[in-house]
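Two complexes come next, and they have one chain in common, chain A, joined by chain B in the first and chain C in the second.
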Partner chain A sequence: MKITVETHARTTLLTALGRLDFGAAAEFQKQLEQALAGAGTAPALLVVDCAALDYVSSAGLRAFLLAARSAQRAGIGFALCALRPAVREVFDLSGFSRIIAVHTDRATALAHAPQPDA
Partner chain B sequence: MSASEIRLPEGALARDPEPRPPANADTATPASWPIRLSIRAALRARAEALLRPDRRFGRAFENLILALIVLSVASVIVEATPGLPAWTRPLFHIEELLVVAVFSAEYLLRVAAARRIRDFVFSFQGAVDLIAIAPFFLAGIDTRAVRALRLLRLLRVLKLQTRVLENTVAERTRELADRNASLARAHAQLNAELEVARALQVAILPASFPLKPGCDGAARMIPATTMGGDFYDFIELPDGRIGLVMADVSGKGVPAAFFMAVARTNLRDLAAHHSEPGACLAQTNEVLCAQNPMDLFVTVFYCVFDPVTGVLKYANGGHNPPYLRRADGSVESLRGTGGLVLGAMSGIEYPQHTVQLLPGDRLVLYTDGVTEAFNPADEAYGEERLIAEVKAHGDGAAAALVERICRSVTVFAGSAPQSDDITLTVLTWGARR
Partner chain C sequence: MNERRTCVPGNAAQLPVLTQFLKEFWAAAGLPPALAPSFELSLEEIFMNVVMHGSRPGTAPRIELSLLLADGGISMTLEDDGPEFDPLSLPQPDVEASLGDRRIGGLGVFLVRQMMDVVSYHRVEARNQLRMSKRIEAPEGRTDSPSATDGRLA
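Here is the complex of A and B:
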């Protein structure tokens, strides 16, 4: 799988492309943690764009869960957006969409950024 | 009977791949070739044994050569200093004779030990060794007559370098071989232990369904090559009902196997004290969240079936919804709970649902190892194929359907490696057999 990271102001956007299976999960988890640590200046919001994500295994779900937890600890907003139907189903089936914010598209996800003073 | 008395039958020699030479093989007839070859082979073996650096002679010889190289190069330099007393000259002559004699002996030994003589003579080392003795044979002891030849003797330094290189390579090769061997041993041991763990994983699952009138149940787990964390369970509850579990731990390998054992034990213990599946999952989730150092989680479908009334109560912690095949051939999926996987977050509630089974209905529980079994073309087995199998088989023993689906999945996957556990449970109620 391929992962790209962009930073706009206090929002970090991570794009995941391909299959997030057991083999890819460790690297994905590392990237999420680095994005959350934000090289000194932690972002206010981390959005994972899943528009090009084909498949998520249980190991992939675990990476999302760990990221959601550390984001919560650090007071950083964490959200996913643009899930394909098959991936969306995995999130719904596992109950993960009940504990991680899932938005239909990128614009909606970015609009939900917490205000700096909030 | 002595050996000389054994008489070979006619034609036995003709079948001998290496015919023995006749007794009088003293002429250059083709029959003498094997003898010459065997002399050469014996010589080669002898020379090779003498040069072996791991034997005492080989090591001593090597040290002698190294000392002589240093001595000889030093003497070429000292000899060139002007104003040296005349009496020193015979010393240098003796020294040169000694060096050339030993180097020549070494050269001959190396030629003899070579697998193919030509390969040695034309190799870098062969050329260097020859250069080290050539000036003597070209000009005799007093190479002063030909200044260039005398300087050639300085090239003996090269001999030193090839030696050092050769020794370093030999040492590194030995180290690598040692390390590879210990790695291979560790790998074999690890594999053997994993094999035991896999066998244990299957062995702790119940082998048969509890005997209840009107119930026919069967299950099977085919472990993946890398250890997965699937499990199923049949739990006989104190009130006569049966608890059925189908679960899948996230991740693979030993952590997943451990978490599977912990999850299964806790669920089994708590099932006896919580008659409602939703409450049982909620409680199991609390216990798992409290003892989860690896941050794993497990998807669990848990249902409690009453074999007297046919009432099935279920709750789902993030697992693939099972299929209910009605006696009329229709297949429905037990959807709609959306509960979170267990072990991820505490304080979660698990909604509970109830469904009435009718005689002849079949319940099929499975893990994603079934629907996400991939074939060599990277296509998944998928839900449609599973539903088709379930739909097509309303009759027969539960075990037969389990086997049928397992075979269908393995035939579909073909030569593709099995990356996840494949687990299935079938329960048929009220079937008249």
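Here is the complex of A and C:
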């Protein structure tokens, strides 16, 4: 899988592309943790754009769960957006779409970004 | 091409090999793409369960994957020669738990049960056999049942 990370002000956008299976989960988890830690300054919101994510298994769900918990502990917003139907089904069946914020598209997810500090 | 099987060592590095085997079977049989993700996921979850929990120390089991088209459905079986282990005996996860209380154990098998129509475990001749199957729904507005069609097909 391919992962890109962009930072705009205090919002970090992580784009996940491809398959999040057992083989990809460890690297994905590492990238999420790094994004949460930020380069010196933690973001206020981390959004994972899943528009190009084809597949997720329980190994991938575990990475999302651990990241959501880290974010909660650090007081950072954590949200996913643009889930494809097959990925959405896994989130719904597992109950993860009830414990992790899932938005329909990137614009909606970013609209939940906190206002920049005055 | 109604049945295909392959055998690999029980090693995580073999997962892409089995996934590719499944995809090729799918394409060759012209199966509905919408049903593929649930089989891919079930294959990964059951295979990884055997890799992680189904080995004697220092050994890797042999794992056989077989795919069968029959009776309007797709059947997928994973068999291994590891110690007796029934993944269906794992406790079900609490999918209502809060973020802080969620446990990941058992979630893979839970998803398999949700996605498949039938899941069964048997211990057969010193092998674990996990069989999963799902019916193929006829496309909208069509039926394969002759009794429901008007007259005979040309």
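Just so we're on the same page, the second predicted complex is superposed on the first by the 113 of 118 C-alpha atoms of A that agree within 3 Å, B and C clash if a C-alpha of one lies under 4 Å from a C-alpha of the other, contacts with A are read in each partner's own complex, and residues count from 1 in each chain.
One rule holds for everything that comes next: a contact is a pair of C-beta atoms (placed from the backbone, for glycine too) under 8 Å apart; a residue touches a chain by one contact, two chains touch by 3 or more.
From a predicted model like this one, the values you see are computed outputs, not experimental measurements.
Superposition of the two complexes onto chain A shows a clash between chain B and chain C. Look at A:L61: by the touch rule set out above, it reaches both chain B and chain C. Once chain A of one complex is fitted onto chain A of the other, the partner contacts of A:Q72 are limited to chain C, with no touch recorded for chain B.
In the superposition on chain A, A:I100 contacts chain C only, with no contact to chain B. The larger set of touched chain A residues comes from C, when the choice is between chain B and chain C.
In the superposition on chain A, contact is made by A:F22 with both chain B and chain C.
When the two complexes are laid over each other on chain A, chain A has residues 22, 58-59, 61-62, 65, 93-95, 98-99 in contact with both chain B and chain C.
Against chain A, in their complex, chain C makes its touches with residues 12, 15-16, 19, 37, 40-41, 44-45, 48, 93, 95-100, 102, 104, 107-108, 110-111, 114-115. Listing the residues of chain B that touch chain A in their complex gives 248-252, 295-297, 299, 317-321, 338-341, 344-345, 348, 368, 419. By the touch criterion given at the top, residues 22, 58-59, 61-62, 65-66, 92-96, 98-99 of chain A touch chain B in their complex. Remark: chain A residues 21-23, 55, 57-59, 61-62, 65, 68-69, 72, 86, 89-90, 93-95, 98-100 touch chain C in the complex.
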